[in-house]
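Think of it as A, B, C, D, E and F in the order they're written, each chain with its own count starting at 1.
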Amino acid sequence: MDKLTLLWQTTGLSAITIGQTAMIIVGGILLFLAIAKKFEPLLLLPIGFGAILANIPLAGLTEAGGVLYYVYKVGIDTGMFPLIIFMGVGALTDFGPLLANPKMMLLGGAAQFGIFATLFGAIALNVVPGIEFTMADAAAISIIGGADGPTAIFLASRLAPDLLGAIAVAAYSYMALVPIIQPPIMRLLTSESERQIKMKQLRPVGRREKIFFPLAVILLTLLLLPSATPLVGMFCLGNLMRESGVVERLTKTTQNDLINIVTIFLGLAVGSKLQAEEFLSFQTLGILVLGAIAFAIGTASGILMAKLMGKFSKDPINPLIGAAGVSAVPMAARVVNKVGLDSNQSNFLLMHAMGPNVAGVLGSAVAAGILLALV
Amino acid sequence: MDKLTLLWQTTGLSAITIGQTAMIIVGGILLFLAIAKKFEPLLLLPIGFGAILANIPLAGLTEAGGVLYYVYKVGIDTGMFPLIIFMGVGALTDFGPLLANPKMMLLGGAAQFGIFATLFGAIALNVVPGIEFTMADAAAISIIGGADGPTAIFLASRLAPDLLGAIAVAAYSYMALVPIIQPPIMRLLTSESERQIKMKQLRPVGRREKIFFPLAVILLTLLLLPSATPLVGMFCLGNLMRESGVVERLTKTTQNDLINIVTIFLGLAVGSKLQAEEFLSFQTLGILVLGAIAFAIGTASGILMAKLMGKFSKDPINPLIGAAGVSAVPMAARVVNKVGLDSNQSNFLLMHAMGPNVAGVLGSAVAAGILLALV
Amino acid sequence: MDKLTLLWQTTGLSAITIGQTAMIIVGGILLFLAIAKKFEPLLLLPIGFGAILANIPLAGLTEAGGVLYYVYKVGIDTGMFPLIIFMGVGALTDFGPLLANPKMMLLGGAAQFGIFATLFGAIALNVVPGIEFTMADAAAISIIGGADGPTAIFLASRLAPDLLGAIAVAAYSYMALVPIIQPPIMRLLTSESERQIKMKQLRPVGRREKIFFPLAVILLTLLLLPSATPLVGMFCLGNLMRESGVVERLTKTTQNDLINIVTIFLGLAVGSKLQAEEFLSFQTLGILVLGAIAFAIGTASGILMAKLMGKFSKDPINPLIGAAGVSAVPMAARVVNKVGLDSNQSNFLLMHAMGPNVAGVLGSAVAAGILLALV
Amino acid sequence: MAVGMTTVIAFLLLLIFVMSLMAKYLPKGATHEPTPRSTRKQSKAGKEPSDDTVAAISAAVHAYRTQRKK
Amino acid sequence: MAVGMTTVIAFLLLLIFVMSLMAKYLPKGATHEPTPRSTRKQSKAGKEPSDDTVAAISAAVHAYRTQRKK
Amino acid sequence: MAVGMTTVIAFLLLLIFVMSLMAKYLPKGATHEPTPRSTRKQSKAGKEPSDDTVAAISAAVHAYRTQRKK
């Protein structure tokens, strides 16, 4: 009898808490979104599975010596995983469309307004009982509006590790929801005739411009915003490897196996922060709400900036492309293309939207640097 | 003259011990088995080479600061290497044949009887002078009967790091010897007519069953056997990535470059435990003998269980497939196929044997969890 | 106003030193050499970019917690990165041409004379005010003459971490400059008729010889020069994987993704040592000068040894191939081929030069072991 | 030993039960299957021959031998 | 907030300025381009369709539809 | 310096000696070589096909030829 009791005490059933059960269900929901709905599966599948592993009673996978503990310590505590991913994103990014039309950079800047507006919102939320966000917390939350996963994880790991799980989940979820969140805002803020505007074809961009661009970006960043250099630096390294054309084999590995390996473990490490004690709180609800707001404001300010620029530009600008300024590459640009086609069957905005889209990646990395410097 | 003496003292010849010489020869034998005999070369080649490196006099490759020291600390002390390999194995495993005939799971369970029988045997061996196995040692040794390399290494690293070298070598050697060890036992325990039994063709298995299977396994494991969740969890993650079909690029990297990189260093790290002081003892002899016994008992109990199940089953069961329950994927299943063909030229048992075979992998991971919980 | 001052103080412009500016320019020069001149771009691109990142004011990327700090600690402080690269080089090296003509090994030895001559030179340089090289420093510098990147980085990380940046940059730069540095020396030391000498075709080499060769090398090394076993051991492991033919998938990963991943981070880590305080000194100038001398002496002694061997050999030996003994695989062999073709349009020396070339890799690894043992 | 072996078997019996439930109640999704299956095959291609292949080939060899005897 | 947003915009304006300079003063090197572009395309092959591809296909589809209506 | 250089040369001379021995006494394995060489080639293209596959394919080729002769 005594032996049976002992045996029973080694089971998870005897020790599982309601919180852990809830978080395992949350993990299951993330897996459902990843597999059945194809919402950013590359990240949400490992995150969801990590959430399940992190909430196993008695197994201690997130405690010293556990597999998730090591993965988090090595990859996120050091900041290395998001930085390596960012290098990979740099190696995958073609700045051609932006270089062909530099003004588009402004749209990638305007869309970051969502970040700074949310910063205020997060501080304001402190009036809600049960929610207590420090300035650092608020900054980490607001970066969700940047719609860039690795940037969000990097900033959260520096400023608010306790909120990292919720922030990363929110960031990737909203990035996956771009096709649902953005179109209504786009239609609300533009008229049918605006959506039909055709833009001038982009000029071809020389190889040298593409090589010098990452160098120019890192130089300006180190001179003006050194706190942004970890993110921007790794991004520019990846892009320089790509555009230089002399290290093809390194570029290929960076774009494929390296980014894949790191993605798996980054996902697991993020999932390891989805523990009941930390995730199940009003704060998480606040983060999800704030993230959605940041995202919507970013989309709107991108569109409005595009309308403003259209007023002063001699070449026509379709305001829809402003929505792509939030990053979420390449999903946001594809959504712009689709909404544009709905209004005009022969209006292909994809390449025009790629400019603001990649500018948005830089924009949010810069914004992250500013937050790191100010907080 | 003095200078020459000094020079002489920097040579390995001046310092090498008989034990080191013996271990270098052992390393050479492992390389011979790997290269000339093709015995599990992916593991035995790095293990054999690691054994040579670990026994170099004066070089201190296994001491703090040495290359083998770091590889062991990072990969095995943390348990990460066997767990990553297990994730890769999960990504390579198709549970279709098992899902088509769930009863086969029992064969993968029965074959683990070798593990628990050997547990007793190891404790009993303590009567031999010069051998002293603790309960933890005995548990780590008995897992050799599971015929699963990463599981054996993981358990040994938790329970008996000193014996890890001998245990890993025994596990991989016996896995390689499956075509030699198993057929006599199979022929002994079955009649010619039993070996000729043809089995019903397997039903096709739907995609959803394959996706839900790893999830069901991890849920049951976390509720009932949380101590098995590191191994089972990583295995299920790999299998879920594979079957979900939405993270193809992660799956491919896991099945190829990730598992390859880790295999090289896992082999070196295991080899680093083949040092003279630890390996050259009666204990190692005991481990080798016990491993062989565990293996033979596992094979036998798998076959006997298959015979028993055949008695009660409405569909015929060829008892040979029980032998595949020891794991050693896919070698054991191929041996079953071959022995079956020897008795009946038109009887292809391969797919039928794959069910017990993959069940054996789960079975030994579960057994490892039980050993971790009980010891 | 006060706020603006604060903002200004967060910029890099406010804090950048002249030294940092200079080093960023140095980084830019390395990038120029890598991209525009294609000088060893696989290494010089990440090194150059790393140099820029390492000299960003206020960002602290090389201080505890910074990305370059971690990369250096994990990869170079432990010696792991150069050793893994060396394993990859082993997996890429075909010793066939050397096995077909073992005497060529002597040329790979003679070319290491540059190393030991420079050792004296470095000690002698101490008379110059502002330069102070210890014995360990001198040994680390002299290895530049070995014309082998990973060997130089490994030795420098053991003996003179402060000089590592300058030594690695010098080693890779001179390796890239082989087509410019070597031909004048080759023409100076050989007559036109010597350069026209045709050599006998190489015999085919059996598979077993190729398998036994790395084993013979590691055995001799461990018996006689155990201090060389980290480098030689990893090299032989890579070569054995390649030649054994039984671990194809490990070999492929080692030759590609593993070596690529490590190359990126090795480059960054080396770049992180190009900090103003350490690099901008007379010592660096001394290192560059000594490296060039070591390189030239190595080339010359290889050629002279080839001439000497030609006197006593029954088969004719073209003295040009001695220049390939410095390593710098396969560049040096290609240069030999080209210079040979200049003298005789139908004289293809490439395969003949590959023998001394791969011998040079072993030669400098052995020399590194001797330096480690003696210093 | 008895405890360990019993636990293994009990656990696996439970798994068998769950698998049977899955086989019964999970919609088969026959239409969905072709795509993922083909992707999977591709990802396999280039690794060791899938067991289906081995089985198919063995069958072919057998058929060939049978024919030849006639 | 104002400071942050202003800084972002100011920084990006500067980048725009630099990009315009680059577009103006960097030699175009038209002859050099073909090789790297082709290599780059290969390295992309096997990943998601490049946006050029997507754009080209959309355009083709449109052209086809237009034609059909006639 | 003298010690170092002498050691390098001595070590390499020893290696040369061992290599000459290997060249002399190692069986060339001419008969053995084809098989491993062929495996290596195949195993490069998408890893090793099992021997069953090779056997099956040879059989198939033979069957085809036999049939054609009729």
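By definition in this document, a residue touches a chain if its C-beta (ideal position, glycine included) is under 8 Å from a C-beta of that chain, and two chains touch if they have at least 3 such contacts.
Since the structure is predicted, the reported quantities are computational estimates derived from the model, not experimental observations.
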What is the minimum number of touch steps required to go from chain B to chain D? 1
Let me check something: if the centre of a chain is the mean of its CA atoms, which chain is farthest from chain C? D
Please work out which of A-E and C-F is bridged by more C-beta pairs in contact, and write that pair. A-E
At what distance in angstrom does the C-alpha mean of chain E lie from that of chain B? 51
Between chain B and chain F, what's the gap in Å when you average each chain's C-alpha atoms? 29
Between the Cα centroids of chain D and chain F the separation in whole angstrom comes to 35
Taking each chain's centre as its mean C-alpha position, how far apart are chain B and chain C in Å? 41
Touching two or more other chains - residue numbers and ranges from chain C: 224-225, 245, 249, 257
Going by the touch rule set out above, which residues of chain E reach two or more other chains? 3, 7, 47
Under the touch definition given earlier, write down the residues of chain C that touch chain F in their complex. 98-99, 102-103, 105-106, 108-110, 112-113, 115-117, 119-120, 206-209, 212-213, 216-217, 220, 224-225, 245, 248-249, 359, 362-363, 366-367, 370-371, 374
Per the contact definition, I'd like the list of chain F residues that touch chain C in the complex. 1, 3-5, 7-9, 11-16, 18-20, 22-23, 26-30, 32-33, 36-37, 39-40, 43-44, 47-48
Which positions of chain B touch chain C when the two form their complex? 10-13, 15-16, 24, 28, 31, 34-35, 38, 41-42, 45-46, 49, 52-53, 56-59, 61, 65-67, 70, 256-257, 260-261, 263-264, 268
Taking the touch rule as given, give the residues of chain C at its contact with chain B in the complex, in rising order. 78-80, 83, 211, 215, 218-219, 222-227, 229-230, 233-234, 236-237, 240-241, 244-247, 249-250, 252-254, 257-258, 373
